[in-house]
Structures are given as C-alpha cells and as structure tokens.
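Consider the two complexes below, in which chain A is the common component and chain B and chain C are the respective partners.
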Partner chain A sequence: MARRDSQGWLFVLPAVIWLLAVNVGPAVYMVGHSFFAPRYSEERGASVRRWVGLENYRRFFAEDQLVHSIWFTVGVAVVSVAAELALGLLFAVMAWRATAFGIRLWRGLFAVPMLMAPVAVAYLATTVFAHEVGVINGLLHRLLGVPFESLPRWRSDRFWATLAVILVEVWQWTPFCFIVFLAALAAQPEDLREAALVDGAGEWQVFWHVTLPCLRPVLLTVLLLRLIEALKLFDVPYGLTRGGPGTWTQTYSMWIKEVAFTRYDMGLASAMSTMLLLALTALGIAVLPLLRKQLAISEEP
Partner chain B sequence: MARVVLRNVTKRFGDHVAVSGLNLDVEDGEFLVLVGPSGCGKSTTLRLIAGLEELTEGEVYIGDRLVNGVPPRDRDVAMVFQSYALYPHLTVYDNLAFGLRMRRRQLGLSKGDIDRRVREVARTLGIEPLLGRRPKQLSGGERQRVALGRAIVRHPKVFLFDEPLSNLDAQLRVEVRRELKQLHRRLQATMIFVTHDQIEAMTLGDRVVVLRDGVIQQVDTPQRLYQEPANLFVARFIGSPPMNLLTGRLRSEGDVVRFETDGFSLSLPPAAVPSSEIGRIVLGIRPEDLSLAVERANNYNVGKAGRMQGRVEVVEPMGAQQLLYVAVGANALAVLSRSEENIQPGQSVPLVVRVDRLHWFDPDTERRLVVGTATLER
Partner chain C sequence: MKRRAWLATALLFLLGCGGSAKDNVPTIRIAVYASGPRGAISGPFYYWKEQWEQETGAKLEIAEIPFAELHDKVFADLRAGTARYDGIVGPAWFYGDYILGDYIIPIDDYIERGTKGEFPFWDPDTVVPPLRPLHMWGGKWYGVPNDGDAHILYYRKDILEDPKWQERFRRETGHELPVPPQTWEELAEVAEFFHGKDWNDDGEPDFGITMHLAVGGQGFFHYMSLSAPYVVLPGAKKDRFHNVYWLDPETLEPLIDSPGHQRALAMLRRLQKAGPPGQTGWQLKEAWDRFLNGKAIFCYSWGDVGSLAQDTSQSRVKGKIGCSALPGSYEVWDRQKGEWVRFETPNRVGNTVGGSWHGVISRFSKHPELVYHLFAFHAQKEVNMFHCVTGWTGIDPGRTFHFPEPYGDASITDYVSAGWDENDAREYTKAYYQNYYHAQTYLDYLRIPGTMEMWRQLDRRLHEAVVDHSIPEAEILRRVKEDWNRILDRLSAELGRERLKRLYQQSIGYEGGSAEGD
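What follows is the complex of A and B.
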C-alpha cells in the first residue's frame, strides 16, 4: 500500500512542480510584492525593497483612474460576453439543423476570427475603424451618403471608441461560443426532442423548454470562461485605441501595465494585480457551485 | 381510443426502402406488436404513426382522421422510447406534467387539473415518492415507470412503445411485461409495441406483426404465428429454441410417404404431407414435437411412422426441461425433453416425431404448404 502511494506521488510530481513553478510561485511572489515599495539604498547604490504594509492598497483605492477603469472593464466585458453568447447561440441553432450545400465549409470559415491573435486583430481593426479611410466609414459615406463631418469618430469619441472595442471583441469571440454551442447541440440526444414533440410541444416550445435548459451547463461554462477572459481584456483596446480618447478605453489590465512599465510602480501594480486575482477567484467561486449543480442534473442518466 | 390504419405505407431514406407498401389495421383497444430483426422497419413504422418521420407514400389514419402531414403534437399519440427520453432538467413531477402543460390551453386544463392527473398517475404506478426527484436519481426500472406515466397522464388515443423493455434486466423485464399487460386491460387503449424479442412479442401481443426488410410476413395471434408460420422466415424467427428445418424430398412407397434427406429417411402417413411426390421440400419440426421414443412412445402410437434413430451430441439442461441436440443423418435436431430422462452425450436414442404437427414449406417461395393441398409436383 505504502509503495503504491509513493508511486502515485511520483506520477503526480511533474504536475505539482509545474503548478508550483508556473502558477502558484509567481502568484505568491506578486502578492508578496504588493506589500513592498522600492527604495534607493545609498550604501548599496541600488534599489532595494522596503516593507510598506498595506500602503500600496491605500494608494490603489486613492487612484483617480480606479472607478472608471473598473466600470469600463466590467461594462465592456458584460456587454460583449452577453452579445457573444447570444449571437453564438443564435448562429449555432441556425447551423445546427441546416443541411445546405457547403454548410461544413461555412462552419469552418466561421471559426477563422478565433484563430487570429487578438493583438493582430486589434491592429487590423485600426484600418477598419479609421476615420476617413476606414472600411466602415467608407461604406457609411459612399453607400449611405453620410457626410464626412457626421461620420462616427471611432477612435476619438468616447461612445464610438467603446463600441469599436466591443465590436472587435464580439467579432473575435462569437465563433468560440458558436463552435462550443454547436457541439453541445449536436451532442443532445434526439430522443429528448422527439419525446417533447410527441408530448405536444411545438418546435419553439421544444427549444425553450427542452433544448435550451439542457444547454445550461455549457452556457454557464462558456459564460465563466469568457467573462474571466474579458475581465482581463488588454490586446484589443491596446492595439485599437491605445486606451483613448484620454484614458477612457483603458481597461484594468492596461492600467496595470501602465503603472508597472510606464510609472515603474511595481508595488502598486502588484497590489492591483492581486485585487484582480481576488475578484476573478471570487467570480469563479460564485459560479462553480451553480455549474456543478447543473452538471449533476443534466448528466446523461 | 382509436383505430390505427396504414394504407400502402412506404418510407424511403434515399435509396434505402425502410418500409414498403405496408397495410395494417390496428383495432380499437388492441395490443399490437411489431416484431422483426433490426433493420426490418418496425421502428420506422412506429415513427411514421407518431409523425416523427414523413411518409414517402401511402396514408396513415388515427381514429378516422387522415394524419398525413399532421405534426406529432396534433396526433394525440404518446410514445415511450427505448432510452425513456426523460427530460433531465425536470423533476419526475414536471416530466409527467410536461405534455399537459404544453397543451394546457387546447385541453382547457387548470393547474389543479394537471396536478390531480399527475398525482393520480403517480399513485397508480407507485412512483409518488419519486415525484420530487430528477431522472438521474432514479433506477432503470423507476425511469421506465416515469416514461410510462408520462404517456398515460395524457390520455392519448394511441400508445406507441419503441422497445421500452430492452434496457431493463431480465427479471425486471418480466415484471414490467406483466404490468404492461394489466395496464392495457385497465385502460382498454390501443397500443402498438415494437420489439426485436419474439418472446416479448408473443407474451404481449393480441396480434403480432412479423416484419422483414420493410415487408409484412405475417399478421396473426401469437398462437397461430407459432402453430402456422406463413413462411420460412416466420418459422425461423418465432419460437425458442427455433424450429428444426430439413430440406429433402417426398416419395410415395406403398401406403406410406417417405421424407428423404441427407443420411436418413422418415416414414409418414399420407395425411401428414402436402403431397406424396415432391422433389424438393422443407420440413419443419418444433423441438417439442420431437421426443425420445423411450419417453412417450405411447403418446405417439403411429407404428413405424415418424420414427428415427439419432445420437445425442449436446445436452443443455434448462430446469424443467432439457434441450438435446441429436444428430440424425447429416442433420442436428433440437429436441426438447423432460429433465427426468437421464441422457448422456454420445448416447444413441430413438426419436419420435408428432406427425400431426409437421410444417411444410416450399424451398423456393419459402411459403407454407398446407397438408394435402399442395399442387406442386416436381
């Protein structure tokens, strides 16, 4: 028995080492860092760390940028994830029973945005949203005759810049939702649908009362994954708007990057990262029991 | 309650013909079983009645109403699936209430009505304590019962069963089979039941339809299917252990007719054969119509007729009876004998066949030949 236990440990060891080295280690280092501030030491002639207790957190809560940054990040995340889920589900349902010629190719093409690096997407988007030479404004001007002076200012107007960020996010991540939902729909037993049809439900009722509830675990999983990713949003606004106008479209992650590598305030940046880590962990803890309950219910008997 | 009538029903999937020119009248209140090997079109037929598949040709009537093109929801049928297809996210109560809720307005039911009906059905099926549970928390037998309840609660015109017993263990299957029969007697409802299991078909059906490659082979009561199979397929399919089938020829010899086949011949009275001279014919003998001569010779007092000599190859004890495989000439015959007989493999035994229970078939058309009426002379 003891021998088997030690062998078991041996198998788990690589994973444990990996987790400690790559996840837990840096996280602990970061949290630790949030209690220190750099100080120039005369005798060493270099910067040394000084214990400052919760000072970095006090400064964090005093930052002007704080409230807007959180609101903007949460707002963009909620709106874009909601749109991604809704559109992904809509397209998945449309493609699910479709048998049109070339449907496979179409499904494949739909996945392309997901395969592109977000930062590349953001830079490409700059050409789409450029004011006078951009694709969108060009179409608005030529096809709809919108005069130049009333074209949306995608990168210098707060509203339009926010919308641009959301549009790019949705464009890139809807395919992910689409593919996962399509797979989940395809995996649903046909019997259930048929049972409901014979039971007296119409197609719409079947979707609403059977298909959709059975998708709940998948919906929740995708929601959680996408929300965590979206709350860490960085690449798209960084490449597309540079956080502008002003710091309006600066997400929380961009703000951390600015504090860390523009202001070189590692203590404050660590405190900010720690807060983000706590928030996302709390989100996970809140959603996981729900997810577990859904999985327990809907698992195939 | 309603009759179900199928007229020239054909269903094709691409090039594959699943059901071909099917004509069937299911009487009001009848328990009809569709049986056949997998791929014979029995499930497709059921799904055509339910409206889950569209007809390629023909007509389906439920009651006196032509239901071609009518969606499943408006056919007033209930179906029990092999997988039970219980809604996993709903409790047993909500599973039972689902159909009533979906059609609450059309049926003019109040919430109280639904509650009353759900509880009544739960009580009759003995699943009241399970009403708050979800399907995942139920055993196979309990799920089966809920699926049944979901059908009963709607008071449909016709019940459709698609192999509902095949996921149950042997013991439970026998139990549920009995319950289904009682249920049918109590509800007096039209029930159509699909199975690949001939024992299930025989025990449940008022009448049984044997299907093969989408074509009806025979529609009859279980007794007549067994005693007078219409063709070789039915003869092979119905009965366990299956009927012994021997290909040979008939030759007249004085006042007896001899059936001659590989390695042995059998004397038979002329009254037991379709015709005294036939070049090629298939003789069918049920295992229970063969007995060891030592055993019940007196019961088959036919003189030399119907006697043969064989050597026991395998003995399979089955409790009250034992199944013997006896080599006779080049054939091995299955013989059902009483267990008291102490028979050892290798033993030579005299066999007697019940000459009034022989089955004859034309090897080419595979059709049954009636004794004394065959016109075939080859």
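What follows is the complex of A and C.
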C-alpha cells in the first residue's frame, strides 16, 4: 500500500512542482509584496523596499476609484456574460438540428471572433465605433440620415462607451458559449428526448424540462469560466476607450496595471491583485458546490 | 538513429543560440515613439539608418512603442536594469523619473569631444533659449536636441481676410474681425461666428475650431497652453507668485484650482462648442485632419500641422494658412493679492508644451558613445534642418537655424525648395519665433517624478469636463487638485517632501524669494 502511495506521489510530483513554481510561488510573492513600499534611502541614493504592514491595504480602501471600478467591472461582467450565455444557447439550439447547406462552415466561421487576440479586437473596434467615419455611425448617418451632432458618441459618452465595451465582449465570447453548448447538446442522450415526445410533450416542454436541465452543469461551468475571465477584463476597454470618458470605463485590472506600471507602486498593485485573487477564489468556492450538486443530479440513474 | 537525430537537432539549437560573426558588430537599440518608418519622430531614424550604419559600422535597432505605453515600458526596463534600450527618444517630462533613478548620463563631455571632430557636431547655442532647460538638469546637458515642441495658432487666412466674411462679421457683431485674434475671448467669438456656416462652399456646415480631446489623445496640452495666460502672472523673476504655473514652489500645493484655471476651463468648454461634436473622442490625427481638410477655421497645435498642410495628398489648405503665437488674456489671476490683474496688452505666455522629443543615453548601455553618435548625427544642422522642413518627420522648429531672415540665418528658399508655400513658411516660422522670443513670460515645464501620473489624472478630469458640462469648473479642478495631492503625498512618503520640493524647484529654475520681500 505504502509503495502504491509513493508511486502515486511520484506521478503527481511534476504537476505539484509546476503548480508551486508557476502559480503558488508567484502568488505568495505577490501577497508578501503587498506589505512593502518603496522609501528613499539617502545612504544608497535610491529607493529601497521597506516593511509597511497593512499600509497598502489602507491606501487601497482610500482610493477614490475603488468603488466605481469595481461596480463597472462587475456590471459589465454580469451583463455581458448573461448576454453571451443567452445568445450562445440560442444559437446552439438553432444550429443543433439544423441541416441547411453550409451549416458546418457557418459553425466554423462563428468561432472566428473567439480566436482573435482581445487587444486586436479592441483596436479593430475603434474603427467600428469611430464618431464620424466609424462603421456604425456611418450607416446611421448615410442610411437613416442621423445628423452628425446626434450620432452616438461611442468613446466619449458614458452610456455609449459602456455599451460599446459590452458589445465587443459579447461579440467575441458568445462563440465560446455557442461551441460548448453545441457540444453538450450533441452529447445528450437522444432517448430521453424521444421518450418525452412519445409521452406527448411539445418541443418547448421538451426543451424546458429535458434539454435545459441536462445542460445545467455545462451552463454553470461556462458561467464560472466566463465570469472569472470577465472580472479580469482589460484589453477591450484599454484599446477601445482608454478607460474614458474620464475614468468611467476603467476596469479593476486596468487600474492595477496603471498603479503597477505608471505609478510603479508595486506594493499597492500587489494589495489590489491580492484582493482580486481573494474575490475570484470566493466566487469559485461559492459556485463549485452548486456545480458538484448539478453534476451529481445529472449522473443519477 | 532517432537518438542521433535528436542529438544533431540539439547541437544545431545550441549553435544557433551561441555567438556568430554578426555578434561582433556593435548593436544599439533605441526606444522611440511609434509612428512607423514614415511617421513623426520614429520616421527620421529609419530614414538615416543605413547611412548611419555605414558611417559607424554599427547596427541600429529601432523599438517603436505607442505613446500610451512609452512611459511604462521604458521605466519598467530602466527600473529592472535589463538594458533593453541603449537610448530613449522620449519626451522632456520623463526627466524627473530619469534623474531620480539616475538612469541617464550627462553628455557635456561628448559635446566637448564633438567640437574636436570625435562625434558629429551640433552647437548647444543653436537651441532656442526656452527649449534649452528641457534638455538639461542641474546645469548639465543630458538630452541631444531633436524636436522643438510648442503650440501655435493656425487659422484660415484666406477666409478671415476675405472682405465678404469681414463685412458679415462686422454686421453681426458690430466690430472688426480680429486677424489673428489677440485673446482667447476674441478667438472664441470668431470661432462661434464661423461655426455651423458653410464658409468653404462644400454644401455642409463647417466648424469654428478643431481639437483632440479624447482620453489619451494629448488633449491636456490644449488646456495647458490655453490656461497659461490666465494663470501665469508675469514678473521680473521667477518667485513664489510670478512666472509659475504648476505648484507653489515653497509648499508644493497644486495651483490647479485657482480662479485663473476656472476661467480657462470655462473657455475650453466654450471653444469645444464651436467645434465638431465628435472631437471629445479624437486623437491628434483626427483633429488635425479636420483643419487640413478645410473644415475648421482654427486649430492650435504643434508644428506638425504647418508642415503637413504642405502635403497636398492630405491637405487642402496649402497656401491658405496664417499662423501666430497663441492668444493671451487681458486679465491674469494674482494669487498673492487674490484678485484679477488687468493688463493694457494681452498677457501672452510662451509655451513649450509637448514632448520636445529627443534622445537621452541609458546608464545601462554598453555603447553610450555610439548612442550619442546617433543622436548627434540627427542633431547636426543639415540633418535637423531637413527634418524641420519635411512634413512627415514630426520635427518642429526649435533651433536658431530653423528661422529665416529677419529672425535667423535660414533662407525661406530652404522651405520653398522642400515643397512649402512661401507665405505659409513665413507665417509658420514667424509664429514660432514670436512664441520663443516675444512672450512676456513662459509656461513652466513640469519635470518632477510622477509627472506622467499627474498629467494622466489631469487628462481624465478634463475629459470629464468636456463630456459633461453640468459639472462646475471649480469641482473638476478641485478633483484634479485632490488627485495631485494624493500623488504628491505618496511621492513625499517615498522621497521625502523636502527632496521632492528641491527637485521641483530645480526643474523649474526656482531660486527662492517671493514678491512680498521684493
């Protein structure tokens, strides 16, 4: 038994080392860093790191951008992930049994946005959302005759800038939800559906009472993955709006980047990253039991 | 067999990683503002690359970095000491951070050796006086001159001098059309008069003024140069209350919320209404294009506009522009007395806003002499003059030899033979000369550590001001002051308040004293 145990440890050792070196180690270093701050040393003629205890966390809570950046990040994450899940599911259900000519090609093309680098998408989006020469405003002006002064200011109005960020997010990540849902639908046992139809259920009833409950574990997994990603949102607002108007679309991650690399205030940036890590871990801890429960239900005979 | 193949592959890989003949060629890498091989600031380095490499036998690598990331990338490299960049072609506002970290080296010795023919020669006296301090710290030269940045006013001379429009203006306002406007109030009135009228006969309403006001679009420079005449009280010398703009040199208190600034911000908002609605989301190029396409009467910006106006592939205004130093204000806020002071002639404040992009040598470079050689090569009279008269280079006037008679020793034909319209060239160089030599006082250049951070906050708050006019000017500026105080407090905690104050005083050339004791 002992030999089997030591063999087992040997097999997982590379993974443990990797995890310690790449994940746990840097995380511990980051948390440690959050208790230090630079102070100028006359002796050395340069700034040196000094222990400051919880000072960085006190400064974190005193930052005036804290509340807004959290609300903005959470708001965009919730709205965009909800839209991605809804649209992804809708398109997956539509494509599931579709037999139209070229459907496979369409499914492939639908995945393209997901394959693009988010920062590239953001820069492309600047041409779509430009005020006078952008694709959307160009169409509104030429086709609908909307005067220039009434066109949406996608990058300099709070509402439109928020919407632009959400639209780009939804455009890029709906295909991810679509592909996962489509795969899950294809893997569903056909006999369940047939039995329900034989029992006289309509298509809508079958979807609501058979298909959707079977999809629930996948839905929860996608929700968790997408929420974690969306809460770290950086590239799209960075490239598209630069956090503007003012600091309206500045997300929490953009703020960390600024504190770390513009202010070079690594202590505060580490404290902010630690708080994000704690929040995401809490989210995972909250959702995982639900996921386990759903998996247990779906595995019941 | 398979094992041998693996071994051979591994050996080839190791050889690939090892030295080669190519490594014997000294190579330097410079970080530069990104705008491509035919773009502003980076373009000239590509243009002369081959010739410089032939002359020196060295190899030049050009690392282009976008404006918004330049500070972060350069200082991440310098702080880590990884020496990715041997030289940095950056803006003058980096100096506080450069000097504090001791990241760059002085070049006085190289300049001296340049006079003996060891390096390409450039004469420090040819740098116009207001720009010289931007290349220096504590009496030593650190930067090699390249670009001279300052805002001037561009206007459509053909329209403003058209008797038809002058008559219409007189009828509507009851007074003469001022060409060029002497104060910001006059400029706003003219811009408002033309805004919404089809004065270029293209069948569409046109604009009074065009500005780049997007976050990260360098719009805060618009505010700096506009606000200076309301804020900078001229005096015989720089003391606590005269000739200062940013911070109180004795207390480091930000001066950004003074009544002078409030009036200036109200003026910025007024001007904004006489421009395209989309300009709140515009970067430089988008704003300049409206002027170059003949859609706006005014544009106040850097020298690029004047030289780009000569390129008929992107400009419809060649031969139609007038230029002047920026307008002033009859009233200036006196902080000491706490009241507005009225002048008989407008208070015109010379400016050097912008980057005045130029090269400095990294302390970590293994080839500092080569880096200096490269920058000195670009600073030579012939090369620099070529840049100044060539539109795409982004190099603007800032050397004495850029100015034709009667202001300097250049000839107007230098400009005309480079494709300039003669009148445009005269207007352009005259305006720069006025700005550098005929102002009552000058706008300080902020060069302390944390400058970039302070300007970013200013940029954001100004954007709030232009997208939401319901927020009072005083409130916007109060927020900027709060932001700046937070930054200064943090820097004080790190560096010590006294040390930070000394750095600020050094950077603006403050030697103490106040008007009270004078």
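Criterion: the second predicted complex is superposed on the first by the 292 of 301 C-alpha atoms of A that agree within 3 Å, B and C clash if a C-alpha of one lies under 4 Å from a C-alpha of the other, contacts with A are read in each partner's own complex, and residues count from 1 in each chain.
Assume a residue touches a chain if its C-beta (ideal position, glycine included) is under 8 Å from a C-beta of that chain, and two chains touch if they have at least 3 such contacts.
Note that the coordinates shown come from a computational prediction; the quantities given were computed from them, not determined experimentally.
> Does the chain A-based superposition show chain B and chain C clashing or fitting?
Pair status: fit.
> Just chain B (first), just chain C (second), both, or neither: which does A:Val198 touch?
first
> Where does A:Arg242 make contact in the superposed view: on chain B (first), on chain C (second), on both, or on neither?
second
> According to the stated criteria, A:Pro189 is in contact with first (chain B), second (chain C), both, or neither; which is it?
first
> On the A-aligned overlay, A:Val210 touches which partner chain: chain B = first, chain C = second, or both, or neither?
In the superposed model, A:Val210 contacts chain B only, not chain C.
> Pick one for A:Leu115: touches chain B only (first), chain C only (second), both, or neither.
So A:Leu115 meets neither chain B nor chain C here.
> Give one of first, second, both or neither to describe whether A:Ala296 is in contact with chain B, with chain C, with both, or with none.
A:Ala296 contacts chain B only, not chain C.
> Who contacts more of chain A, chain B or chain C?
Touching more residues of chain A than the other partner does is C.
> Quick check on the superposed pair: does A:Leu144 touch chain B, chain C, both, or neither? Answer first, second, both or neither.
neither
> Aligned on chain A, what is the least Cα gap between chain B and chain C? Give it in whole Å.
Least C-alpha distance after superposition: 49 Å.
> Could you give the residue numbers on chain A that contact chain B in one complex and chain C in the other?
Of chain A, no residue contacts chain B in one complex and chain C in the other.
> Which of the residues in chain C come into contact with chain A in the complex?
Against chain A, chain C makes touches at 68, 71-72, 75-76, 79, 101-102, 213-216, 276-278, 280-282, 286, 450, 452-453, 456, 460-461, 463-464, 466-468, 482, 487, 490, 493-496, 499.
> State the interface residues of chain B toward chain A in the complex, per the touch definition above.
Residues of chain B touching chain A: 50-52, 71-73, 75, 77-79, 81, 83, 85-90, 98-99, 102-103, 134-136, 138, 143, 150, 154, 160.
> Over in the complex, which chain A residues touch chain C? Could you list them?
Checking each residue of chain A against chain C gives 37-40, 45-47, 64, 130-132, 148-149, 151, 153-158, 241-247, 258, 261-265.
> Quick check: in the complex, which residue numbers of chain A touch chain B?
Per the touch definition, chain A meets chain B at residues 189, 191-192, 194-202, 205, 209-210, 213-214, 216, 296-301.
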